[in-house]
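There are two complexes below, and they share chain A, which is joined by chain B in the first and by chain C in the second.
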Partner chain A sequence: MNNLTIKASKYTPAIELNAETNTLTISGKSYPENTFDFYAPVITWLQEYFSSDTVEKTTLNMDIIYFNSSSSKLFFDLFDLLEEAQDGGKEITVNWYYDEENESAEEAGEDFKEDFEEMDFNIIKK
Partner chain B sequence: MTMFQFKEMLEKEGIIFSFSGTISQPILSGIGETIESDLVAMEMDTNVTMKIFAVFTEQMQNIMSYSKERRENRENRHSSPGICVVGLDAQKEKYYVHSANIMDIKDEPIVSKKIDHINTLDDSGLKKYYKELRRSGKGVHGRGAGLGFLEMAKRSCEPLEYRITNIDDERSFFEIKVYI
Partner chain C sequence: MGNDDKLIASLEAFLNNDVETLKGNIEKLIKDYSRKSRRLDKIIHQSDKQQRELLELNEELERTYAELDEYKNHLEEKVEEGISEIKGLNVEIEETQKEVVFTMGAIGESRSKETGNHVKRVAEYSKILALACGMDEDEAEMLKQASPMHDIGKIAIPDAILNKPGRFDEDEFEHMKRHAELGYEMLRHSPRTLLKAAATVAYEHHEKWAGGGYPRNIQGEDIHIYGRITAVADVFDALGSDRCYKKAWDDEKIFALFKEERGKQFDPKLIDLFFENLNAILDVREKYRDLFTETPLNG
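Let's turn to the complex of A and B:
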């Protein structure tokens, strides 16, 4: 399947979903006004990606400096989708990166980790 | 009023930034970056800067999504008149983000109930409620997750201050002030 690349804007992150390396990367700021519309292609891509039998170990790298409340909901749904894939037998790792000075990014990562206890969810200081 | 008087009033209120006009996503992100770089230039702590930016964003996006005067320019792209100031309260020695917009009178009880409930919660209660609402998706609509006021409360050190002033049979003036 094709890879999905979306360039960063002032209020949306850079996204690179690579089906060859099985690496998903979302980095930057995320505070669009139409969050669910913006991420719809990402969700669709992931659903297709995980429906394939060949996919095995997948890594999601999240390096988000700031996100708004609707992005928070969207990320929750994204991790939920990954957890479902894991329940279906896929091997998944989530790496949540944060800057040492950015307490809210660290806390947000910890909160997500609590919600997805069954996942390999790493909080990593840059 | 002269601009000198206006400037004096801004100084008296400790206002660092003020805006009144049409708010849209590009304006929001431009202003947000300006405030951010101003605060960085003032050598403010990164975490305080991030909190101010976060509260500002939630307030602006609320105005864009819920103001009675909002316009849909393109599909799901809104703009709406609003007022916003960021300031430093000299007595409390705390920063605040204060904004206002015209609301539909029908939204009054919904908004009041929501904020009043949030104001009863302590830090752990806020976190719990936030996570519950995020998981259930009960507040989700086309443009958000119904988490905006909670997001503000999480970043604030005090209860959310709000005021609703009736204008006529259909409209009220809604203002919210959040101390960081």
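Let's turn to the complex of A and C:
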């Protein structure tokens, strides 16, 4: 399947979904004008990606500086998708990166980790 | 399985009286509901936290802007202060320079018992002629400042010769003539434009348009315009003043000499310009006329 690349803008993160390396990366700020429209291609891509039998260990790297509340809601949905995939037998790792000075990014990582206690969810200081 | 599906399954179980399934589904729904509810709390909490952080950043930014603004205002003040100080210093330097130049000229004059006003008048006449022959204001002003030094070389001439009443003998005159070259030697080593001009004036103010002047006996436009102008200015003033060896000439006699010497001693163009600007020249003479002929410096 094709990889999905979305370049960063002033209000949206850079996204790189790579089916060959099985690495998913989302980095930057997340304040899209319409969050669900913005992330729709990501969700679609992931659904297709996880529907494939060949997929094995997948790593999602998230390095989000600031994000709005609808992005937060969407990240929960995203992790739900990953959790479902894991329940379906896929091996998943999530790395949540934060800057030492960015307390809210660190706390948000903790929030997500707490909600997905069955997942390999790492909070990593940059 | 989505919530809608779970609800439908629960309804079916209820209708089929399948208590176990119903119980299981309802438990799942409750669990799901509380997870979603916790998420909502988290999202709200995250949002609040970010808003507070952004607010803090914004406040910090405002403080920084205020500081920057104050600094800027302060800086403008400092710059203005600095500029006015520099302007003051510049005026001071210029005034000092003018004073030094006049004093130097006056020293030369005082040795020969001429008055300090002589150098002032020569300065003003020179500027009038400089402007008349097309020099710009800056250059004319520079010549005005340089021309008073034309006789600076006289400080190296012995008093006995300098202040001798009556005519010089040949030896004495030869000695006296050396003041032009001596003045040039004193001034020519300076890199300053003003002093270079003064050196030229000292060197060439006794040269004659048609030749026969000293120290080099050059002629025409080989004599620098500064020298030619100062020659006219100096002679006009010297003839009109009492000196130790002669009485002042009256104007008619001076004008007759100027007409006679037009193209001989003096640059003919400058003589024409002299007469064209005679009113301005006579105004200067009136303004700086000698009150005390025996004043030692510029009194």
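Rule of thumb we're sticking to: the second predicted complex is superposed on the first by the 126 of 126 C-alpha atoms of A that agree within 3 Å, B and C clash if a C-alpha of one lies under 4 Å from a C-alpha of the other, contacts with A are read in each partner's own complex, and residues count from 1 in each chain.
To be clear about the criterion, contacts are C-beta pairs under 8 Å (C-beta built on N, C-alpha and C of every residue); 3 or more make two chains touch, one makes a residue touch a chain.
This one's a predicted model, so the numbers in the text were calculated from it and none came from an experiment.
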* Asked: Following superposition onto chain A, is the placement of chain B relative to chain C best described as a clash or a fit?
  -> clash
* To do: Using the superposition on chain A described above, determine whether A:Phe76 touches chain B (first), chain C (second), both, or neither.
  => both
* Pick one for A:Gln47: touches chain B only (first), chain C only (second), both, or neither. => neither
* Asked: With the two structures laid over each other on chain A, which partner does A:Tyr11 touch: chain B (first), chain C (second), both, or neither?
  -> first
* Check whether A:Phe36 is in contact with chain B, with chain C, with both or with neither, and answer first, second, both or neither. => first
* Once the shared chain is lined up, is A:Asn3 touching chain B (first), chain C (second), both, or neither of them? -> neither
* Quick one: name whichever of chain B and chain C touches more residues of chain A. => B
* **chain B versus chain C as contact partner of A:Ala108, first or second or both or neither** => second
* **Which of chain B and chain C A:Tyr66 touches, first, second, both or neither** => both
* Asked: Looking at the overlay, which bit of chain C runs into chain B, 37-45, 91-99, 181-189 or 199-207?
  -> 37-45
* Once the two structures are fitted together, what part of chain A is touched by chain B and by chain C alike? -> 66, 68-69, 72-73, 76, 103-104, 111, 115
* Once bound in the complex, which stretches of chain C touch chain A? -> 35, 38-39, 42-47, 49-50, 53-54
* Asked: So in the complex, which bits of chain A are touching chain C?
  -> 66-69, 72-73, 76, 103-104, 107-108, 111, 115
* Structure fact -> Interface with chain B, chain A side, in the complex: residues 10-11, 31-37, 66, 68-70, 72-74, 76-77, 101-104, 111, 114-115
* Structure fact -> Listed in rising order, the residues of chain B that touch chain A in the complex are 25, 28-30, 33, 46-47, 50-51, 53-54, 57-58, 61, 64-65, 75-78, 127, 131, 134-135, 137, 140, 142-145, 147-148, 150-151, 155
